[in-house]
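Per-chain numbering from 1; labels A, B, C and D assigned in written order.
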């Protein structure tokens, strides 16, 4: 089918490519004229036949909000906007309501796949009306992996909510591997840490794609000496914790993983200055200044 | 090759079976005469040709200690004892030292595989002298999965230490999935939670054997209504945390996963009684009694 | 000075009483006519001389919002509204802006003191313009303890923010005592747990009002057998964690304390059902159903 | 009464001084001849009248073990050894058993007080036989604060166990204050953070000696800019967590506080290198190297 793609960066560009390989006609728009098929959102909309489908693949927050608003002014009843970015599910509801007042459909899609998606397919978690999901099924079928990798999770927002929780789980799993590696390195009982990780890829309970990636990373840099222990966090980890707090759900592992990332970005810990100060006050403990 | 197997329970019995299918001659001993090939450890040793290899597959702690001690009295220099149970790596060192005084070799093997190992192979993490590992390689090759699944991790104790850390990682990963499921169920945004987990099996960052098992579990009982949220912990999770504390390695995720299990076994939380008491004292907050 | 008090419940009623004891003229309004001095907010405003000060002491969220809105319609430029409830600091900003458009001042006050405040004074953390704080100083001086217990923390919202963090700290401290008690009871090394807590009240690093309250609680019920380990959480704990996540500040202790409360209210843990399910799948571990 | 004091460092020296001020006769021994009253442990024992009491105040672990062993060879039946250091309660049992075979009594005492103890008194948590405790009561009465600050917690080991848990609680409380301070500084809502802490000293739920010390520290260095966020941990925090793991008691807050200290001593986090490596592998995320 024909589809518009707004945002042709690493994710959007690769997804457009996978769609074209799958026989779809993709009209792409990007702020960067060098990679854009059209000069403006307006031209993009004009180039598409009604009922149109426009897939938005721009950064979450203000860029997505502005794009949806602009599309609301350009599209016609019966068209569908798809937000495949990393939007907060609360934003989806606002976008869906806004577009609905003009008769325009809205579908949110949580997309997983990273740099591997172009060849292996993208896992898609979708939210929205059944009819809209059905209308877009040719596109979803091409984007997703050959087997599985697709769910219509629920109403508007459910796709991004599912992706958000997916990322929360990912935080916890990554941190579990990270802690295991640190302990193996610190304890100095196991001599062949890299070989141990490699061996875990078959026959163990923890075999997983993350473990495969871990082995790839150790292949390239066996003691990770070329990396700093510094990790950004995307919005999803924070939103997962905030949703949990809102719903009174305890998430000790996912939260600990998020906090470890926060901590990794501090060159010195303010909290631990307090500990040092208190120890100095009550015990005359030597402090490191 | 020929090997003795002490302990023919679920794990030992299946491993003996896999070895036999692989063409090895296994002489098995078990306390239960109905499944034992011989009447005593002594007879087991007599039935084996020197240099002997005896694989111990009995519960960690006292049963393993007693078996190793008995074997120390029965075996001859050049023989090898293999501890494939879930022993603490500190015990391995004692067992290794004890056997070494008699010229008997010792190899510790952390074994992963559960009920799936018979058909798929067992992941093996081994510790001990290179010569002993080499001597046992026919057995290891049969027990392990077709590809990979084997590491000579280091000296005596390294096999069980690697397995211990493996289990610690497993605790963290399982808890990450568990928290994600709880949040999805609680937030009531995603309608098809089971389908969401199923979709994650392809194309996502969190695809893993544990996720496959999770989907199997949800197939059988979609809302897990037939289970209680009650989980035992094996020694490995505790030892992982204790080793981390000893080495000053922070393990927030693995520890949180262990504590969640501890908490799951309390019908009421003593700590939270204190919270209720304090709230009542300072605020006149209503308490639930 | 003269002041209006809206909300004469446990907190508001006691504060009105303390103000009267201190020589202030308090006109109180409550939805319950039996304890209200006036029949309506309107009458309350009419009874006060300009420039008026009206202290709002009603539940946070909608009740406070509605009261502030009503007062915005009744008061005159130069009057001041004080929100002494447990409002979220984000609400303060909205309330302040709304009132400012009418020339009405706004001050937010985080109040600590519980049932002890009437006699001992209330700790006050205030936010707002210097001029408004100064105008209200006679009231603050009466409400607060004889020494200290007062801070002008910053602009509008700073009072409730400070109180929010205070409560977050309180969560962590309470949980620390709770965990210590649980360990003492479980380990069965210390015979006189109650006496141990009592002894800590002098000479130790952990002496504190919370410890005093703990001893009071143990006096009344030495093994806390009459309580259930069930604890509500007020909004402040959640807001503290959400503010931390927003600012990328790791709060492992405060968050763990909040999660322990969440967990205390679950009769069964959904997350731990997943653990039980996974253990059953991979290990054939007996599960408790 | 007459008492021998072994170890005249910061703690032992001050305790000897407080005992002397209280009218006791203290014979002190230290490895440093400049501050020792006698030349050897042997001379110390000879200078004391039977039944002797010797208070050991040396570092936990090997130094304490060696001292107790030496005293076992020098003392006579009816004498009492007191271990007032920071020994692990498991060591107490061994020491008690060893001395008991010679008819020598043993009492373990957890001592809190730091540099403040000389003037304010030391909180004492004791373990041992009732008769031994009673015999030493003149000494305990002088060392402890005027009111309270003393408990006979249970049998041998109970004193150090109580002190260990005290320190665990202290870790949690300190971390709670530390996290609150970090959030206040990071969020930039409260302008007067120092004043806010100061105000909390009266009328709040969190008033405590640690808060007093916090205010003292902020008096000296309002933004703690002269300190590094680096904190040692003594054995007690680790032992608390290990005892909890042994008894299956979840200690999320105390453990998080301990881990924060471990983390504070890492210039780079090995675990977070793994996170950075994995993010780089699956997402092409920029890493900081």
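One rule holds for everything that comes next: a residue touches a chain if its C-beta (ideal position, glycine included) is under 8 Å from a C-beta of that chain, and two chains touch if they have at least 3 such contacts.
The model shown is predicted, which means the values in this text are computed figures rather than measured ones.
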For this session: On C-alpha atoms only, rotate chain B onto chain D and read off the angle in steps of 5 degrees.
Result: 180
Problem set entry | Maximum centroid distance from chain C, chain identifier (CA atoms) | B
Exercise. Given the two chain pairs A-C and A-D, which is bridged by the higher number of C-beta pairs in contact?
Worked result: A-D
Problem set entry | Computed distance of Cα centres, chain C from chain A, in Å | 37
Problem set entry | Separation of chain A from chain B, taking each centre as the mean of its C-alpha atoms, in whole Å | 33
Problem set entry | Euclidean distance of C-alpha centroids - chain A vs chain D, Å | 47
Problem set entry | Multi-chain contact sites of chain B, meaning residues that touch two or more partners | 114, 175, 177, 179, 182, 186, 205, 209-210, 248-252, 256, 259-260, 263, 271, 282
Exercise. Which bits of chain C are touching chain B when the two form their complex?
Worked result: 10, 114-116, 174-175, 177-179, 181-182, 185-186, 209-210, 213-214, 216-218, 221, 224, 226-232, 252, 260-261, 263-264, 268-285, 287-289
For this session: State the interface residues of chain B toward chain A in the complex, per the touch definition above.
Result: 89, 112-114, 117, 120-125, 144-155, 157-158, 161-162, 165-173, 175-177, 179-180, 182-184, 186-187, 189-192, 195-196, 198-211, 240, 243-244, 247-254, 256-257, 259-260
Problem set entry | Residues on chain D engaged by chain B in the complex (per definition of touch) | 205, 233, 238, 241-242, 245-246, 248-252, 255-256, 258-260, 262-263, 265, 271, 282
